[in-house]
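We just call them A, B, C and D in the order they show up, numbering each chain from 1.
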Amino acid sequence: MMSEKLLEVKSLHVNYGAIEAIKGIDLYVNKGEVVTILGANGAGKTTTLRTISGLLKPSSGNIFFDGKEITQLPAHEIVSLGMSHSPEGRRVFGTLSVEENLMMGAYSLKTFDAPTLEWIYEILPRLKERKKQLAGTLSGGEQQMLAIGRAIMSKPTLLILDEPSLGLAPVLVKVIFKAIKEISKTGVTVLLVEQNAKAALKLAHRGYVLELGKITHSGSSEELLNSEMIQEAYLGKKKEA
Amino acid sequence: MMNKTSLIAIALLVFMGFFPLFVDSAWLAVGTTFLVFAVVALSQDIILGRAGVFHMGHAVFFGLGAYTTAILNVNFGLPILATWAPAVLIPMLVAFIMVAPIIHLRGDYLLVATIGFNIIFIQVLENDVFGLTGGPNGLFGIDVVRLFGYDFSSQTHMYYMAFILLGLTLLIMRNLDKSKFGRAMFYIHKDEIAAQSMGINVRYFKLYAFILGAGIAGAAGSMFSVQYSAVSPEAFNVTQSIMFFTIVLVGGSASLPGVLIGTFIMFVLPEMFREFETARYLVFGIAMILTMILRPRGIWPVRFGNIPDFLKKGVK
Amino acid sequence: MDIFLQQMVNGLTIGSLYALVALGYTMVYGVMRLINFAHGDLVAFSAFIGLSVYAQIFGESITSLVAVITVFVFTAAIVAFVGVLLERLAYRPLRTAPRLSAVVSALGAGLVIQNSVMLIWGPNMKIFPSNLFPSTIWEIGGIVITFTQVMILGVSSVLMVGLYFFIHQTKIGTAIRAVAIDQDAAKLMGINVNRIIMIIFIIGSALGAVAGLFIGTYYRGITFDMGWMYGLNAFVAAIMGGIGNIPGAMLGGLLLGLFNAMITGYISTQWAETFTFVLLIGILVLRPTGILGETVAEKV
Amino acid sequence: MKKMLPKIAASLAVCSILAGASVAADVIKIGVQAPITGSYASEGQSIDNGVKLIVEQYNAKGGILGKKIEVVTCDDQGAAQQAAICAKKLVNEGVKAVIGSYTSGATEAAQTTYHRAGVLQTSDGTSDSLIAHKYWTFFRNSFPNSAEAEYTAKYFVDGKQYKKIVILSDYSSYSTDLADATVKALKAKNANIIYEGKIKSGSQNFTATLTKIKSMDPDVIYFSGYYTDGGLLRAQQIQLGIKADFVGGDSNDNPDYMKLAGDSAKGTLLINVPTPDILPYDIAKTFLVDYKAKFNMAPASIWSLMNVDGLRAILHVMEQSKSDDTKVIAEGLHALKDFPGITGPVTFREDGERIGGGYMTYEVQADKSYKIVYQ
């Protein structure tokens, strides 16, 4: 494993109006890693991701990507540096066709990348069947596939996924996680936020636990899987009496 | 409950009450018109600011009140006093008939529908329907208020009548804020979907706001027709509606001092700067843009952070 | 029968002008959720700009196809620039403000444009030269159609079809639709939303400029305050078609023009506007988001 | 109650522009109520200019009754509501007389207020309804619509012998009134009116209405509105191939009519009183030269000159009667007999109507010049 840091977040603070949502977090993701952030609803996971990808501006702190400070860059410029963020709730373009959605994924590239498209159709064959269909008419699982496919159309070095399995049937969750694994195998670094902690930790190399805007635990996936606290809070195991 | 805002409001009312002692009748006329327009703006605020309905046709109700008084007085010879009740009730009735079928429309669609009603209203007036409205000329020679052989015809009389009207309006709005309707409207404005899920019948309360606002605007219209002894269609066209709309938003919607300041800025200031004649509206437009950029919620916004105590009770 | 067909020609001519203006409203609305009340005044402004451009370059006497095209291109460019400026100064600072604040800003901007026109060109009606287009008139089976009308119908059809393809077939066009649906998601695709909004204002203002110039060449007399009427009709057309929906604006414009001509021709001149708004309110009661509906799904 | 100190204090407090306008007995104030802005701005500004020119000339000679004259202008935008506001304002300013307004609607909306305050008013508004109240304060300095209507009816029936007549008007007070008067006069002569319609001023597109008219195959289309619409109506009439005569009422007589109608202007028949440049009177010639020297343009139309005549008559009577009492002046005005005006002799009837007024019909030639075809 390379230890070069692709993404580094230093003492990040984010405010929503008068409320401080993120209270100084530090994290990093090495090149080629899969890193997951765990946490309860409202812990600040999505806020963190949105700040990293430039949709929100932090009140203080720094974000570095590939050795470059991106804290004040607008979201669309960060994309062209090689970071791609598949947002919470999929956010596919409902009245655009599947293919048009994928085309938008490649917006930051000079030319439309046909091999990437073929590869996406390979790992997510359902999308190929439905390529002319409007994205809004897809099922939830198909929309999630599209959201992931769209995010990798820009050939990112870092892929950020926010709750990719939310609300999906177990069969589809498997498909999605298999696809993420495929993607990571090609050398794409992945930062994953998941409520399905077990699946996420199985996939990831390392993990962070976020609670009320602060990182409370971090470590390798194994350490976290075995930690009592994690088992109790996120893996549904009762504390042995 | 005696906060800074109410103190300022009381100070303003006292000032307005003694205003006629200090000025000549030219200023008194400006003052009277300010009072009348303030009442209309406050009634627009009930609909736009408090109920949060995008309403850009308020001149219809103002005009209905004015024309009711004018028609009953000029065409049928009724004394002004006898026209007051119909001048309030007819706008309310029309508001119900007009708005009930479209109250469910979403913001911008409702906005264009209310503009549409305003244009239809003007066309009705201009086409002199049933020979009542006097066509494009409007109606002239409206009488003054007479009671027990007294003529209330001086500018000071007019001023105090308008002053009393404003006082009544403020009283109504104060009671409204404290009532069930006030609470419902507050929540509808803050978050309509949440309000709906709390079991508030959003349509009913929006319609209620419309009807109440229409009645108050009608009363102001009646006063307006007496003040100028003339009514004509262009006093109630869409441009006027846009003015009332703007008054509320520039001043600060759902904020009593805000709406009064808005009326002052949008009505009295242009009167003062008539000297600039042609450049006046240019400056005015720039001021509108700047106000919105610098103070997007109006000059004197309602602070939603502090929910007044009386609103907190009862719902939670 | 020829009277009916004549009314159709009349209606379609004015309808295509409404449609051109309506496109400006609908595109801005689609992306920014803003009723750009200044758009009508921008249309009036373009007619005056066109007149001055013409006088500057050609001194009001020489006419040729080259002259006409030059005037159109120059005017469209100037008006597009003003449109972009308008967005920068009056709307961009209000992106995150309450929606109605932007509406007030738009109303203010309309006042500014209208009164600037009055101060620059004066309060009196200005008159376009009558020889910009040849005064050829064709008579086909009792229907009269002028060269200018043919130009209006032809040019606006080409522009509308072109716009449709631009929006639906090109990368930028698809990006415009994407921004209209979800701005944040679009940003995450690497789309520069500010740039897309600029493009919207360029296209919308340029189409408005073409409409303004046609108003000048067809009706000849232009006044500083005429923008309100065209703006309102076009806005109504956009709402009828389903605001935010580009084919809807085209359909709405043509429909409104035809409807007005038929009402005026067969029912009543005096009540034409009333009929228009009764139709509009009727459409909204039955189909609350217009005939073709909004393409933009309501965000929850 | 009316002490100076609190008054000034209050005025300062509200940044009053009227602070200086306290009651000063050494001036005589004349009000101008005119559309300085809005659609009729050129006419309104022309009235204001004309009044200021005359006042300047008087003041140069030492004013009137030993006092300087001061002009107070209020912009009514040609709108009734603004007119009513102006009326209140001018009355409160203490003016003796008000010149204006240009449009009948704005004039009428202000009438009652002036009458109640005993302020004289003189206007070029031509609506017959202006003298309906018989206010002693009101004097019309132009000629009423009914006079023009009767002339028009005579021309249509006795002169041209039209069989199928179409009457169009817009929604303005003046145009509606003139159309109504013309219809009344035509009916009195048993003429056949086949269509009466209204167009919306400023809507530019009249093809729908004209196509409808085309199907009726009329002999003449008479339009009682303003040149801004008249020129377009004529152009679109020719464009649609409607072969009827086009007759325009007095407000179509404007250079812009010719520009708007373009080549279609040829053959238009215009009914009006004589235009400023053909006024035969010496006073008129001098005034036009002075006006041009001061403002570097010609007056917008004959109407501003009529208003100037109203002012001149009032000032003349003030000098004669050596009084600034409005009752006295009103009596003096009624007693005037052929006062030499710029627009011809001025004589007022008991109800304030100006007597006289010779109408003529001009035919527009290919080179846009006028040929008098009926008198």
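Things to note:
Throughout what follows, contacts are C-beta pairs under 8 Å (C-beta built on N, C-alpha and C of every residue); 3 or more make two chains touch, one makes a residue touch a chain.
For each chain, UniProt lists the protein as follows: C = Amino acid ABC transporter, permease protein LivH-like.
Not measured: the values here are computed from a predicted model.
Centroid distances built from C-alpha atoms place A farthest away from subunit C.
Relative to the centroid of every protein C-alpha atom shown, the closest chain centre, again from C-alpha atoms, is found for C. Rounded to whole angstrom units, the spacing between the C-alpha centres of subunit B and subunit D is 35. As a whole-number value, the distance joining the C-alpha centres of subunit A and subunit D reads 75 Å.
Work out the mean CA point of subunit A and of subunit B, and you get 52 Å between them. If you average the Cα atoms of subunit A and of subunit C, the two centres end up 43 Å apart.
Those residues of subunit A in touch with two or more other chains do not exist in this structure. Shared interface positions of subunit D, i.e. residues touching 2 or more other chains, are given as 37. Across the assembly, subunit C contributes 118, 123, 270, 273 as residues in contact with two or more other chains. Here, these are the chain pairs in contact: A-C, B-C, B-D, C-D. Residues 53-55, 74-77, 79-80, 84-87, 91-96, 100, 103-105, 107-108, 136, 150-151, 154 of subunit A touch subunit C in their complex. For subunit D in complex with subunit B, the touching residues are 1-2, 6-7, 9-11, 14-18, 36-37, 74-75, 79-81, 83-85, 88-89, 92-93, 104-105, 108-113, 116, 127, 129, 133, 171-173, 176.
Interface residues of subunit C facing subunit D in the complex, by the touch rule stated above, are 3, 6-7, 10-11, 13-14, 118, 123-125, 127, 130, 135, 137, 139, 144, 146, 215, 219-221, 223, 225-226, 229, 260-262, 264-266, 269-270, 272-273. Subunit C meets subunit A in the complex at residues 171, 174-175, 177-178, 181-182, 184-193, 295-297. Those residues of subunit C that touch subunit B in the complex are listed here as 29, 35, 89-90, 93-94, 97-105, 107-112, 114-116, 118-119, 123, 232, 235-236, 239, 243, 270-271, 273-274, 277-278, 280-281, 284-285, 288-289, 298, 300.
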